[in-house]
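I've put the structures underneath this note.
Heads up, the next two complexes both have subunit A, just with different partners, subunit B and then subunit C.
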Partner chain A sequence: MKQFAYFPGCSLEKIALSYNQSTIETTRKMGVELKELEDWNCCGATAYFHVDELLAYTLCARNIAMAEKEHLDLVAPCSACFKNTYFTNRALKEDPDLADHINVALAEDDLHFSGDIEVRHLLEMIVEDIGCEQVKEQVSNPLEGLRVATYYGCQIVRPQKDHENVEDPEFFENLMTAIGADPIPFALKMRCCGGSLLISSREAALDMIFNLLKCAEDSGADVIVTACPLCQINLECYQPQVNQEYGTSFHIPVVYFTQLLGLALGLSNKSLGLGTELIAATPLAQYAT
Partner chain B sequence: MARPSFSQEVGNLLYAAKGSPLSACIQCGTCSGTCPVTDFMDYTPRRLIGLILADMKEEVLASNTFWYCASCFYCTVRCPSDIDIAETMYALKRYSIWKHIHQEGLVGPTFSETFVKTILRSGRSYEPIMATSYLFSSGVKEWIQEAAMATGLMLKGRMPVLPPRIKRLDNFKRMIEKVIPLGGQS
Partner chain C sequence: MSEKVGVYICHCGSNIAGVVDVEGVAEWAGENLENVTVARDYQFMCSSLGQELIEDDIKNEGLTRVVVAACSPHLHEKTFRRACSNAGLNPYLCQMTSIREQVSWVVEDKAAATEKAKAMISGAVRRVQLQEELQPTEVPVNQHTLVVGGGIAGIQAALELADAGYPVYLVEREPSIGGHMAQFDKTFPTLDCAACILTPKMSDVGAHSNITLLTYSEVEEMSGYVGNFDVRIKKKARYVDEEACTGCGICIEKCPKKVVDDVFEVGMGLRKSIYRPFPQAVPNFPVIDTESCTYFERGKCKACEIFCPTKAIDFEQQDTYLDVTVGNVILATGYDLFDVKRMPQYGHGRLANVFTSLEFERMCNASGPTDGKVVLRDGVTEPKSVAIVHCVGSRDENYNTYCSSICCMSALKFGHLVMEKTGAEVHSCYIDIRTTQKGYEEFYNRLLAEGMHFIRGKVAEVTDAARTEEEEGKLIVQVEDTLLGIQRRIPVDMVILMAALEPRADAREVGLKFGISCSMEGWFTERHPKLDPVATMTDGVFIAGVSQGPKDIPATVAQGAAAAARVGGMVSIGMVEIEPVVATIHEEHCSGCRICNTLCPFNAIEFLPDKGVSFINSVLCKGCGTCVAACPAQAISGAHFSNGQILAELEGLLYDVYSGNGTQTAQVESEAIPA
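Entry: the complex of A and B
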């Protein structure tokens, strides 16, 4: 059985609880064990790096060091947690002086960064380590006829890590095809949901959300599927505000990719946290088992 | 030795970024064409880089541009000169927080500082505390919209009641003190 250290992140404790539930259930079903870090802390989202870089690296390094203690690669389902942890891991591996400095601080919590594990996004781990072919073989309830807008958002693919395709990747669509769904062309799939601008620059963020919703609706999507709690919250919870500001009548369910994957694997709605949406995921009702 | 110019100061804040120096900018505007927030910015990213390179410090710091950057890194991956533009926006945010200089009425600096303070106290973030940092600066309409959404989330069991905290909080706080002088942050 494949094993990974698991860093759920703050959003998955409550506001994105269904992402946590569906992540645990689907990975278990596919023979992967996620072992939650025993005392993880917040990754800092974008705010740590706005205030102090060294502080930001230290807080992310603490989570990495806990995974190192277990000798397991670290998986994060949230794109912000993933990006911050991935790039901290890389910066510390490349700069031993920085790692030394931070290790002095980590010693206060009996932890040490050695640089001997990798950090992965959940979606990337499923596509690369399990593989779409393997997923397809395990599908018992293909989501035939479900038109999905695969929304990558930002930090799962950007910044670029190596020479991978950051303009038009297809791994998300490939996974959706593997579970029998129909990934429709979604032109804005790589565009930002606004992130925390919703709080700091509301007008700008609502504009960004409006554009994404309009594009998804025009593309004929039944649901938008995401791999990040912030994308989910911005696109789902702010639809009423967008409708109010722009005189629109958007009503598009926004679900986590793990919920669709779980349905295709024959898991129950309840175990996947379906039913906790603010916009009911009615197009999924016909696939319930 | 002469004091560093503003553009050198900003460049020096980018020690961890792997991209080219700002002086490599060819003013092509790919960043501005890519950025999803330019309509709301005082200056586009291209102009902002031009202003930095011209050492126009006051204009740069008085602009909202970098506080409107959502960290989507689209400009960074597309820059033909390989400048890490999003990271430059981070550097400017840090600079403006350190110097306590920013455009009046911006929520971004307060929000970032509140977020960090929350985490330094408990180790984890907590949505209801975050809300207090900006709700006072927004209008009645926004307040009602947020309250309606919070109620909806609560009914679905998606709103935390108690602030979460990590187990080894004492160790965590000592760790932070080792790396950074807290200066009243906690």
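Entry: the complex of A and C
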């Protein structure tokens, strides 16, 4: 059985409960054990790195060090948690001097960063470590005919980590194909959802959300599928506001990829947290088991 | 008997004298350095008066060694060696030391620069006393020349040589010569048609009695040295007997199989399985593409054979090999177009009406896939608006940092053609417009007057995700207009991507085959970027055209002619001097381990099985010293770079560390290291 350390992050504790629930259920079903870090902390989100870089690195390094203690690679389902933790891991590996500084702080907690594990996004872990082929073999309830807009958001593949395709990656679509769904061409799949911009500039953020929703609808998507709690919230919760501002009538369900994966693996709606969304995922009803 | 050394220090105007105290150094050298008979400084040593100074001293003072402290030996080593030679001194008894490139141009502090110049002169003085008289060897130059690549560069080079009366082998990989230029429609800035100016030259090549044209052929390997290269050329099977074929084309007409032409028509058009790339192909014999031919696929058909009036089709034909000896080689292998799919944000392949520059060239060409009509991918609809995206894969840290040099002018040409043929609005999104040659800026002004729109900004993406009604069904070009300081979304019907010119995918491999190197990017490296742009570091191998770096047709033609002139000079003299700075193996010390054989970058070392030792072909050796350093038995010595000479130079450089005044001999146990 494959094992990973699991860092759910703050969002999955509250507003993205269904993401957490469906992640745990689907990975278990596929024979992967996620061991939640015992005392994980916030990743620093979008703000902290700009406030105090050293402290922000320390915050992320603490989570990494806990995973190192378990000798397990660390998996994060939230794109922001992933990005911060991934780049902290890389920065500390590349700069032993920085790691030394941070290890002084970690020692207070009886922890140590040595740089011997990798940080993975949940989506990447499923696509790369389990593989679409193996997922396909386990599918008992293919989501045939379901047209999905695969929404990567900005932080899974950017900033560029190595030489991977950051303009037009295809692994998300490949996973959706593996579970029988039909990933439609979604031109804005890599575009930012606005992140926390709604707090500081509502107008600009709504414009970004509007464009995404319009593109998804024009492309003929039944549902938008995401791999990030913030993307999900922005696209789902703000649809009424977009409709009000732009005179539109969007009504597109926005679900987590783990929920679709779970359905295809034959898991129940309830165990996947389906039915708790604000915009009912009615296109999924026909696939309920 | 001790040597008499003359030291000459050049001011190089103020280049050296502005930083180094040249008079002081000359005085110091004359007083302090052992065996220095005369030490002088002079304004320009390389002038004829400067050279005479050296020659007179050799004659009058009886100098036996000369040191010139001036610029890099790359520039003037020949000059000063010749001066010595004129005065009866063996030219290899002259040593240059670079106190310009290595001192005055890089050391800011005047006192430190003067000290460094002293150290370097001291090193040269010690070294030159151990140098030996060397004699260059002469070898004859074979009259034949091999030209690789039948684009406009290779065509020009071959014609120049052939017209001068020298025999040429012109080798081309594709079934016809013509290269990229044959694919183009009009040429900037004059808008004369590419075919009209190219095809006469092509037929000249085909008909010239001094040119052996080998198309559908590739050079397999090359060995030998300047004046005498042995080349093996592979002639790929055409399945058409060139002796019998009249080029009537009935076979092409009768062939039932059509396939997409990915080479000449860049996927825009179809061709038959037996084909010639274009109607004016030279030679005009067709070739069978075995991958798509029904006979080769299923063993049945032979329509071409049945209808051929001269029985020229030969399905049993095999690849053949031709061995030739040539004196010189000109490489004119051209370029590959940047694969625009590496920039998925521009949508080529995903969005139908995004075209590459080469696709658009074919579209404009009257004999091209759309008969010269500018239409969308559906083949009928004329665009009402077109965007041209500059610098696709050029001037971009993620792909190629260099400027591809021709795209701005091509884009202007495209803009003109689009407006002329369709009346559509044309938007050009550029970083900088670069129109640097004769008549180019005038062409830019003409397009400004014709109403082409210019938007200064690098295009972020091309998308079909519409935001507004007027964007529906269009391609939207998202670009920051850096002159207005705003983001713009320009809805258009067609997008043309000005793709970068890239080195051939196999440029490094080809370079290795011919013993020349490539730049970081993969362009062939010239001997000197300004003063020797078509020669390479390998004597007898020349380069021309875009394989050396991005350039337009006039520059390519000029290089083809220049390379031919260089070769013509060598062939007409008929003899070439080979530099005597080479390595030699002392057979009595050689254990035959063969370590050196594979290390030699010039393939100059072979193993003599009967003697059990390695042997260096002095004509091939460039004197790089790799083998000298690698030999575990120290059985190899490098002329002009012996251990003794190098240690003496080091001692000289470190004169102040050893003695403080530079007059004592350093106590180095040089006896322990064989010379």
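Here, the second predicted complex is superposed on the first by the 289 of 289 C-alpha atoms of A that agree within 3 Å, B and C clash if a C-alpha of one lies under 4 Å from a C-alpha of the other, contacts with A are read in each partner's own complex, and residues count from 1 in each chain.
The definition used in the following text is that a contact is a pair of C-beta atoms (placed from the backbone, for glycine too) under 8 Å apart; a residue touches a chain by one contact, two chains touch by 3 or more.
Just so you know, these numbers come straight off a predicted model, no measurement behind them.
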| item | value |
| --- | --- |
| Touched partner set for A:A187, first subunit B, second subunit C, both or neither | second |
| Contact breadth on subunit A, by residue count: subunit C or subunit B | B |
| First, second, both or neither for A:H50, with subunit B first and subunit C second | first |
| First, second, both or neither for A:I15, with subunit B first and subunit C second | first |
| First, second, both or neither for A:D218, with subunit B first and subunit C second | second |
| Contacts of A:E277 with subunit B and subunit C, given as first, second, both or neither | first |
| Contacts of A:D110 with subunit B and subunit C, given as first, second, both or neither | first |
| Subunit C-contacting residues of subunit A that also contact subunit B | 167, 211 |
| Interface residues, subunit C side, partner subunit A - complex | 343-345, 350, 463-467 |
| Footprint of subunit A on subunit B - complex, ascending | 16, 36-37, 39-40, 64, 67-68, 70-74, 76-77, 84, 86, 90, 93-94, 97, 106-109, 111-113, 115-116, 119, 123-127, 130, 133-134, 138, 142, 145, 148-149, 152-153, 156-160, 164, 166-168, 171-172, 174-176, 178-180 |
| Partner subunit C, residues of subunit A touching it in the complex | 165, 167-168, 185, 187-188, 211, 214-215, 218-219 |
| Subunit B partner contacts - residues on subunit A that touch it in the complex | 10, 13-17, 38-42, 44-55, 58-59, 62, 91, 101-102, 104-110, 154-155, 158-160, 166-167, 190-192, 194-197, 199-205, 207-208, 211, 237-238, 240-241, 244, 276-278 |
